[in-house]
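The following pair of complexes shares a single chain, subunit A, combined with subunit B in the former and subunit C in the latter.
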Partner chain A sequence: MIKSDVQLDAKGLACPMPIVKTKKAMSDVAEGQVLEVQATDKGSVADLAAWSKTVGHQYIGTSEDNGVFYHYIRKCNLETSEAMEKSFEPTISNEEAVAGEGLILDVREVAEYAFGHIPGAKSIPMGDLTNRLNELDPSQTIYVICRTGTRSDLAAQQLKAAGFTNIYNVLPGMTGYTGELQKEVQ
Partner chain B sequence: MTVTAWTAAQVARKVIDNKDLFILDVRNADAFEDWKIEGHKFEYLNIPYFELLDGVEEILPQIPSDKDVLVVCAKEGSSIMVADMLSEAGYTVGYLEGGMKSWSMYLEPIKVGNLNGGGELYQFVRLGKGCLSYMAINDGEAAIIDAVRFTEIFTKFAEEKGVKIKHVFDTHLHADHISGGRHIAAATGATYYLPPKDAEEVVFDYTPLTDGLTVQLGSSEIEVGALYSPGHTIGSTSFVIDKKYLLTGDILFIDSIGRPDLAGLAEDWVGDLRETLYSRYRSLAEDLIVLPAHFMIIEELNEDGTVAKRLGDLFAENHGLNVEDEEVFRSMVTDNLPPQPNAYQEIRIVNMGKVTPNDEEQTEMEIGPNRCAVR
Partner chain C sequence: MSNKVAIIAANGGLFDAYKVFNIATAAAASDKEVAIFFTFEGLNLIHKQGMQALEMPAGKEHFAEGFAKAQIPAIPELVEMAIELGVKFIACQMTMDVMGLTKEDFVDGIEVGGAVTFLEYAKDAAPTLTF
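What follows is the complex of A and B.
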């Protein structure tokens, strides 16, 4: 089971109902949260990905188990998230972070991490960070990464405020990463 | 306004009769790009149904009011939703019952011509997939060639015609669609033939289809004769029926030629393909009517819906038969080939009898165009 914020059961429903229900369910999902859609309709795989792209949500991926498809979609608002200012210094490139000695801290949602992350990266979603600081060593160099550099910018600021000293924001983030991916799902 | 359910048979009539039709295809763009309902005079608009969830107002100006409008999707659910919305907006529209799935499965039997002494030859046109099957009947007996997996269509047709199916042939081990051949033979007691060179891995019994083999239908002299013609596969075999028709399987099409790579051995078989097309077929009578196992584009259909052309005309017009240089030919049929048909490796394994997927899985495997040709 991959962690998600809201779950929608669309099993047994034929096209177009999985998408109709997803669209409706999405209105109750907060921005940045992940919706899990359970469906048995095979067409839902291509259609949910295409629909997400059309409306600007982030389609994370689909895993299949026993004839049920589990789709993961993160609610986005392109206008606000992509355009947000990134202010944290210092920054570091994807390549330098991968080659570096420090810990890569992936602050994306659990589902995003599950569908592909840099090998060895540690997962703490940004929303959980303040509660899980004890899992991190303040003396260690930490490269904070997310999808586009926005969430990692905020996370880096939180870490700095908590007294961490060797923090870098990784840019451009996972969207620009072309190296080997480790996955937690089939 | 009303919404009417159209059957695949009604849509097929529109194609064969060269009628106008406006198709609003509400599948996603990739699916539409890959494969759609083709008609000589059809117009298309592709808007995925999930872009229309909030209403159809924005596309109304693009919907004509002076011709039939058919909404199409993968299975039918989304097309009904969109058709209902258009109907509420005052339009009279139809949707395709069963969607592209039923289109992929529909077969239209069309008579190709008469055979010596009262016999008849029928071509079964599977418009949605571009597959062509054949039934020759004479004096109470029938032979079937390259039957697709909807066996009942053939057995019912034979019943209606009052003929007994005696011989069932596959010109080769198919890679783009699942053969119904051995199942028809099992159900009717007919003999099932397959070229032995294509059958090395099959796990069922068959009668070897070898060069020169002939069978007779009924009492009169209608000969169905096998002609070894390798190249698409190593076993590919053609048929000459009644000295009038040349059934080419997947070696020669109307506007293209067979590809040699679907069994994984393009380099090895290109020489065979050349030999078959440029020497073996050249020695045949030019008045033979070529009947292939596939068509790729709607332009290959004749006005009566059949796919058939004089061999001599193909020698003059088919690009694949007019490549003088052997090296140019070799590179044409081995480099830059179009994508392979959907699930072609799995389909070959099904046709070998090694696995038997259920109906729904078979339908999934066969989705999309046949892609057996090089142009």
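What follows is the complex of A and C.
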């Protein structure tokens, strides 16, 4: 099971109902949260990816278990999330972070991490960070990464405020990462 | 990119109904503005009684089992879903006159209009589909 914020049971439903139900369920999902759609319709695999692209949400991926597809979609608001200012300094490139000595801290949602992350990266979703600071070593260099550099910018600021000193925001983030990916799902 | 989808429904069988309402609800669920112009036999698809008993094409009746097995929603359910998602239904005035039908013969909330009503809507729609 991959952690998600809201779950939708669309099993047994035929096209176009999984899409219609997903559209309705999305209204109960907060921006940045992850919706899990459970469906048995084989067409839903291509359809939900296309739907996400059309309406501007982030399609994270699909895993299959015993004839049931588990689709993960993160709710986005293109106007606010992509245009957010990134203010944290210093920053570091993807390549420098991967080659560096420090810890890569991936602050994306658990589902995003599960469908592909940099080998060795540690996962703490941004929303959990303040409660999980004890898992991090303040003396260690930490490279904070997310999908586009926005969440990692905020996370880096939180870490700095908590007294961490060797913090870098990784830009451009996972969208620009072309190296090896480690996955937690098949 | 146009955010409007325009559909002409000109045929009145069960298969026609699925083609029309599946595309329409999928488009509406993808945040598109959708209007369907029902003309000639297509009016059957939103006729209160007619839509309850749409026929399969001759010789294709054996597909009934496949519909049940795949748990395909009934047409009245899809019609309700389409309305709920904001799909606009336009019934063709001329066909209604020819067939002696009034607005009350159809599901609630439809508009009645002529060819120009549809053309005006469809002039900047992409895609425009005909079934």
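Going forward, the second predicted complex is superposed on the first by the 186 of 186 C-alpha atoms of A that agree within 3 Å, B and C clash if a C-alpha of one lies under 4 Å from a C-alpha of the other, contacts with A are read in each partner's own complex, and residues count from 1 in each chain.
One rule holds for everything that comes next: contacts are C-beta pairs under 8 Å (C-beta built on N, C-alpha and C of every residue); 3 or more make two chains touch, one makes a residue touch a chain.
Because the structure is a prediction, the values reported are computed rather than measured.
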Simultaneous placement of subunit C and subunit B on subunit A, clash or fit: clash
Partner chain(s) touched by A:Gly43 [first = subunit B, second = subunit C, both, neither]: first
Touching partner for A:Trp51 - first (subunit B), second (subunit C), both, neither: both
Touching partner for A:Pro119 - first (subunit B), second (subunit C), both, neither: neither
Touching partner for A:Lys23 - first (subunit B), second (subunit C), both, neither: both
Touching partner for A:Gly12 - first (subunit B), second (subunit C), both, neither: second
First, second, both or neither for A:Pro138, with subunit B first and subunit C second: neither
Residues of subunit A that lie at the interface with subunit B and also at the interface with subunit C: 14-17, 19-20, 23, 47, 51, 54
Subunit A - residues contacting subunit B, complex: 14-17, 19-20, 23, 42-43, 46-47, 50-51, 54
Touching residues on subunit C, where the partner in the complex is subunit A: 22, 25-26, 29-31, 70-73, 81, 85
In the complex, subunit B residues that touch subunit A: 28-31, 48-51, 53, 73-75, 77-78, 81, 364
List of subunit A residues in touch with subunit C within their complex: 12-17, 19-20, 22-23, 47, 51, 54-55
